[in-house]
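Chain IDs A, B, C and D follow the sequence of writing; residue 1 opens each chain.
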Amino acid sequence: MTGNDLQSYAPLLLHLTLAMALSGVLVLLSSLVGWRRPSTTKSQPYECGITPTGDAREPFSVKFYLVAMVFILFDVEAIFLYPWAYIFRELRWFGFVEMILYIGILLVGYFYLWKKGALDWNRPAVRRDRAS
Amino acid sequence: MVPISYYLALSAVLFGLGVVAFIFKRNIITIFMAIELMLNAVNLAFVAFSRALGQLQGQVFVFFVIVVAAAEAAVGLAIIIVIARNRGTLNVERVDSLKH
Amino acid sequence: MSLPLQDLCRVAPEIVLCAFAMLVMLLAPIVPRARHGILSTISVLGAGIALAATRFPAMYPGAAYSGLFRADAFSLFVHWIVCGAAFLVILGSTSYLQREDLDAGEFCALILLATAGMGIMAGAQELLTAFIGLEMSSIASYILASYKRDAPRSNEAGMKYFLLGSFATAFFLYGIALFFGASGSTRLDMMTPLANDSARTLLKMGLGFIFVGLAFKVAAAPFHLWAPDVYEGAPAPVTALLSTGPKAATFALALRILADVGAASPLWFWALWVAAVLSMFAGNLAALVQTSLKRMLAYSSVAHAGYILVALATAAATDHAEAGIAAALFYLVGYALVQLGAFLIVAQLGGPGERHVEIEDFAGVARRQPAMAACLSLFLLSLLGLPVTVGFLGKFYVFNAALESNLIWLAILLGLNSVIAAYYYLRVIVAMYMLREPEQEIAAEPVPWTLSLVLWIASMGTVYIGLFPARVIGFAAKAALNMR
Amino acid sequence: MMPAEYFLAHIWMIPLFPLAGAALMLLIGRRLPNRAVSAVCVGSVFLSMCFAFGAIWQLIARPAADRLVSFNLFDWVPAGAMHTNAGNLMDLHVPWGVLMDPLTAVMLLVVTGVGFLIHVYSIGYMGHEGGYYRFFGYMNLFMFSMLTLVLANNLLLLFVGWEGVGLCSYLLIGFYFLRKSASDAGKKAFIVNRIGDAGFLLGLFLMLGTLGTIQFTELGPAITAGHFEFGNGTLTAIALLLFVGATGKSAQLPLYVWLPDAMEGPTPVSALIHAATMVTAGVYMIARTNAVFSMAPRALEVVAVVGCVTSLFAATMGLVQNDIKRVLAYSTVSQLGYMFLACGVGAYTAGVFHLMAHAFFKALLFLGSGSVIHSLSGEQDMRKMGALWTKVPTTARTFVVASIAIAGIPPLAGFFSKDAILGHAFEHSPVLWLLGFITAGMTAFYMFRLVNMTFFGKSRVDHEVEHHIHESPSAMTVPLTILAALSVVGGWVGWPESLGGSDRFAQFLAPVMAQHGEETAAAASSINSMEYLLMALSVAIAAGGIWLAYRLYIQRPEMPEKIAASSGFLYRLLYRKYYMDEIYDAMFVNRTKDLALTLGAFDRNVIDGLGVDGSGWLTRFTSRVSMWWDSWIVDGLVNLAARVVWILSYPVRMLQTGRVSRYALFMLIGVLIFLGYYLRSSGFTLQNLLH
């Protein structure tokens, strides 16, 4: 790693420092300016509305796994956008058409999921195809 | 600069760990993660080689491997869920009705 | 940069297959379940069009996409096998899907995608492309194997296939990595002379791991353990596909590596020898004592993988490997026809839920369903290697190739195994023709015309190629010759 | 107006008629009435018989020099597409072609002629059986395969027919499939044959690799062109491997075990397949490839010895059987042994001659026994027969004719063929001749034992069976009569010079056995007293066997039981009995009969003593041997095979624990083994991996 490598990261560093400073200042101000009177009602998770019941750590419904899988798939497919974007200019229209095709194929999958109701929270996660 | 052989040794060790975990773990999910470990060991090897050979091919391969691994993960998890639903267990030792 | 039309032509079958798969997936949620027969029809159409589309690669042979893919007589031949297998399986499984109340859309789409993957394997000239093809077919097969969601056996088959398959895939991939590291490329046809001794070692290990992955895929001993369980648990039409298409594609890939990578032949020869012998004996001996016809056929498919491995061994042994390659290709054709037919018959006669796949359940089939019994007997006799069936000529060519490259012992062991095999195939025929019907009468369901069409094609092919093999073996030889 | 040599040009059609019949039967047979079924199937065989006879006639019409018709129908396993610029990819080019020469003519005569008669007979015999159409369909399929085998002009096509007849015999043996024993017998036959076939195939490929051809007509030239020295090792190996195939198909030691069980099939099947045609395929194949065999003296010796021992061995077993069909089965094995003996001593002509004669009289014997069984409504045990001579006259007379023929009494067929074989055997080695000679005696004995127990003596038939014994319908008796006539005159074509004939048969076959022409000529020309002596001896021992059977089973019907009962003190028992006879005589018979009495006493004591005691001892001995053999060797082998299979398959199945982890573990072991092999093959160390 040589020095001018690091220089190319300088803006990033600046941005980082600014963000941290800003957030720190805001927290500090609120704690200094505002005053507080704690009470049981306030210290509840939901201050207004129903009183909480049961434990928060319940087993998730299968729907979550399903959505997680779908997310993984569509997320990972995005990988191929990076090299494509890198050489987009050399490829010109050819590259563009190819990528359109690629996205189109992904959209087919998306449409399939949608129609199958995998994204629908009200119906059971996977429409059971069998009479049973 | 770190010699390539170290990367290779590391990937070999990871791969071996994956194999061992595959054989000795009982929970299907764990076994599945062992497979992922093996695949990532391979990715490491790819990247190391592409670095050593000074070409980008290896890293593109990694992309493909990752995507395929994701697809496998989706299918695998689906199958595992079905198994869990029908058998109520995730222990491979108990899923052995087909034998001999 | 313009659209390379010739390259598109060279992968035309795959494009057709994928396009139809997507079309079916688009239609599947829209078309009401009652009319899902349409989807099967479309898929059959797609497989047929893909079969016809092999005309394009035939017109523009050569390397496509900067050498990743290769369209030549060899890949053409294997394309015919896999597309034909897909065609027959989809056509033959329509009635099964209705009977078992399974979703036809996904099923057909998955078969088409798996077939596309097999086609890619058959034409791949670069290891990662081969890997993509392998995974396309494998992942689709995992789903298909566990397609009966509510049948625990089907789930189990899917799970085993998935876990062990991914395990083997990892080895395969590791082999590719080492190969890449050794030769600086994954192109099979561009083996740079190796730099040093360590590179040579890397190549050896890489090829070793690749062999493991392929051996697993073709269910060759000692990597065959998954096959009986998966074949038994999976729905029978799926088994019909699994035991034909992927095997053909994987053998094609192995032959391609043998032909292109000079270092592979000396390395793989003994591995192939040992794997062939182990597979033949493991398959036949285990099949002898099976009581379920489905499982017996599964073991026998392991044995047949062993016979084909004999051909591969001869291809690896001699400097002019054409005889072995041609023999392997010819054997694959006959084997695919027969195995498909047999498993589809099992799917039909097994009855709802495939409850009657034990051999004694087949007692008296000759009286219940004479046509089915005749077809199954024909297929079994072909597997057994009786003359004027294609199976005989397949064994004949393998035998001949083995003896021509002086693998006397392999030939003798092959003969010995064909004697052993006679016994268990005969048991089924005896059961069908010579035993009384079981007490609880199994209702003889009418045979749907689609299935009877498939069986008709398969049996006619079995006899016709057995009588007039000239064209098939001619193509096989041509394929073998222009691999170099 | 037919073109010249129409039939010779159309011999390829001969197998097609039965094929069509079989296809018709197996497709729509179950809907046809029996009358139509028999019309189609027998008609098809009749057609092919007409074509065959026409072809034979036109072949004989040709001059002896070019009695050879061979043409290819189509390229079956082509080599055309397999040519590389580096020459032939696989030097393998097998056409689907037919060959017609004197040897084929003889076989065609036998197969179509006898086959047709047996089909006619089956109409009557199978009349009341279920599955009539199935039976005739299988029979026609068999005729197709057998004719393919006979007409093939190369070894691979012959193998097609070879496997086809094996399959049909399996189907027909198991015809009464509701009998477990039947289907077991069928399976046994098929698997034993497979063992032989493996040898056959290996021999075929070895021949292909060595001579570069498997066309029968090219074998001789290829051998002469190859400049193989006499007794070349490879040729010997080829011959031996082919002979292994022959032992399987023709039921020779040690693969004969399936034939006796094959009698579970219907009797016409036994007559057609297991006597006349299929089992002789091995002999035909050896005669076909005689060019190879006669270059391999070692192999020929093996053939001769195996054939000779088999014939003796089977004959001894035939002595003690009580099932009428099993006697005939063992006799068939024994006669096949004769044929192999003939081939082994280089007298292929004699072998084929005996093949033809045997086809006639053995088919007749089986059909006759079938007729007897039919008339006794299914009884096969000879101890429950007897005194049928008057009740089934035609059957009985024809049967006796056949028995005389097989016993080798001139001038019936058996005499000439057997005599030719024994003569050549004697020239080759007296030991072989002696064994064959003894066998001839035994043959005569057990055949007439069978005749006497069945047709003469007093009736031992069960009473409910007794009163509806009936002669079989004419559909069965007419073929019997024709076959009887053939058994009488069939041998005359081979009337040897030494008896003033001119051995037309040998001359007819000489072109096929070209390289033995001078041999047979020498054998034929050497007319000396020795030959007459041999003939006289064989006739004498045949007569002796007949006489002994007569003595034992007619004059003293109680004798065999006594022999069987007596455990070694036979002579004293006999003696005491005679002692009582003599007291009786002395007390009641006047002195004028003393002379006659003493003569009778002499006759009984000495002759019966020697003959009866000897034969009794032989009977008990052979029965022990055969029982021991069957119970230990045959069954033992079967059980052993099953046990071995179970044990061998055990580890394979035990790997199959159904647990993924185990599978992965075994896969890993496999990986390590393969990798270990690779890395060992290249001196692998960690260093050269790390740098």
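Convention: contacts are C-beta pairs under 8 Å (C-beta built on N, C-alpha and C of every residue); 3 or more make two chains touch, one makes a residue touch a chain.
Predicted model only: the values in this text are computed from it and were never measured.
Using the mean of the Cα atoms as each chain's centre, the chain most removed from chain D is A.
For the interfaces B-C and B-D, the C-beta contact count is higher for B-C. Each chain gets one centre point, the mean of its Cα atoms, and the points for chain B and chain C are 26 Å apart.
If you average the Cα atoms of chain B and of chain D, the two centres end up 65 Å apart.
With centres defined as mean CA coordinates, chain D is found 85 Å away from chain A.
Work out the mean CA point of chain C and of chain D, and you get 44 Å between them.
The multi-chain contact residues of chain C, meaning those touching 2 or more other chains, are 149-150, 159-160, 163, 167, 228-229.
Annotation for chain B: residues touching 2 or more other chains are 8, 19, 22, 31, 71, 78, 92, 95-99. Across the assembly, chain A contributes no residue in contact with two or more other chains. All chain pairs that touch, listed by label, are A-B, A-C, B-C, B-D, C-D.
Across the complex, chain C is touched by residues 8, 11, 15, 18-19, 22, 28, 31-32, 35, 38-39, 41-42, 45-46, 48-49, 52-53, 55, 57-58, 61, 64-65, 68, 71-72, 75-76, 78-80, 82-83, 86-87, 92, 95-99 of chain B. Of all the residues in chain B, the ones that touch chain A in their complex are 60, 63, 66-67, 70-71, 73-74, 77-78, 81. For chain C in complex with chain A, the residues that touch the partner chain are 1-3, 22, 25-26, 28-30, 33, 101-103, 149-150. Contact residues on chain D toward chain B in their complex (touch as defined above): 653, 656-661, 664-665, 668, 689-691.
Here chain A touches chain B in the complex through residues 62, 65, 69-70, 72-73, 76-77, 79-80, 83, going by the rule given at the top.
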